Amino acid sequence: MKIIRFRTSKREEIIDITGNIDNLIKDNKWLSGIILVYSPHTTAGITVNENADPSVKEDLSNFLKKLVPQNHCFSHAEANSDSHIKGTLCGFSQSFIIEDSKLQLGTWQGIYFLEFDGPRSREIWVKFTPG
Amino acid sequence: MKIIRFRTSKREEIIDITGNIDNLIKDNKWLSGIILVYSPHTTAGITVNENADPSVKEDLSNFLKKLVPQNHCFSHAEANSDSHIKGTLCGFSQSFIIEDSKLQLGTWQGIYFLEFDGPRSREIWVKFTPG
Amino acid sequence: MKIIRFRTSKREEIIDITGNIDNLIKDNKWLSGIILVYSPHTTAGITVNENADPSVKEDLSNFLKKLVPQNHCFSHAEANSDSHIKGTLCGFSQSFIIEDSKLQLGTWQGIYFLEFDGPRSREIWVKFTPG
């Protein structure tokens, strides 16, 4: 498994990691199969979304804040129950296809790390299985 | 990777693709492993749900429309921010088990393509890894 | 594919299955690859979340009940449309990395079965692909 390390800069942040994943595929000469892009955190997620208009990220971020408000009446004492719930709703990992040594994404797709409780040091774990 | 092509007919539509996936498995003689059923779009999703009572699809569709209204105050200019968000919440792909050359689904499970911004020409990409 | 069988005891319940998955990996001597942890049901889900403070589970459970109320105006006659929708939102499966014969989880991560329409007899299917 390969590890990507980075630091987020805000409580809620959506970070394009498509280039990092692309580089891993090239560096490791993965030819054909499936990769799992996995977040080892409980207050962050991984998703796919549009890579063209930045307002899509903004709309997603604002919608999630409204859907799961930080100040909702929660029991958990760390004031980040909203972050755990957003992780479960958006997903902690995504799988992608590699074909002819290339990450197969739709025309408008990018891969995003969803920070729900930053700023923090974060990791993404990536595992390849051939097929 | 194998591609399934089809056309959706409405803005919001839930399409049973279980038969298409079954046929791919038979045609390609995949014996045992995992398949990734992947949507290369940013305004559609893939999910699993009940294949018996059609009202389950209707309830899911109506609930998602109410949860993420199209006319919510969004920035993105194409009037489909709701579709992007529904994609993130429901997921852009699902993985399934193949055993003894057969797709392993629970008794009541079917695989569904979720159209959130149709009608459009759509694709589903399917990749097999043996195990 | 390997099967884990158990019985849930309430309508809504969040059950830690990390130990069961760990045991499967040891028993089957899976060394390195990806495992798919799959629920063959339509009114349950699989997620990852914090394994330390039990109030995180409680907050998730209460939030989902409020987000998708059982008594919402649904068509499906079995009074469990909310359970189907929660399944789609949280996901019916999760994939995990195995490295050096060990399940790779973040420090605070546990794997959870989400019962949305119990009490019932339930199964989890687990499939390994090497990589």
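Letters A, B and C mark the chains as written, and numbering starts fresh at 1 in each.
The definition used in the following text is that a residue touches a chain if its C-beta (ideal position, glycine included) is under 8 Å from a C-beta of that chain, and two chains touch if they have at least 3 such contacts.
Model, not experiment: these values are computed from the prediction.
Participant: Any idea what the CA-fit rotation angle from chain A to chain B is, to the nearest 5 degrees?
Facilitator: Chain A sits rotated relative to chain B by 120 degrees.
Participant: Examine where the copies chain B and chain C touch and state whether the two sides share over half of their residue numbers (same) or under half (different).
Facilitator: Because under half of the interface numbers appear in both copies, chain C and chain B meet with different residues.
Participant: With centres defined as the mean C-alpha position, give me the chain B-chain C separation in Å.
Facilitator: 20
Participant: Specify, in ascending order, the residues of chain A that touch 2 or more different other chains.
Facilitator: Correct list: 33-34, 67, 89, 91, 95, 129-131.
Participant: Show which residues of chain B lie in contact with chain A when the two form their complex.
Facilitator: Of all residues in chain B, those touching chain A are 1, 33-34, 36, 38-42, 67-68, 72, 74-78, 81, 84-85, 87-89, 91-93, 95, 125, 127-131.
Participant: Within the complex, which stretch of chain C touches chain A?
Facilitator: 33-34, 47-50, 53, 55-56, 58-60, 63, 67, 89-91, 94-97, 99, 104-109, 129-131
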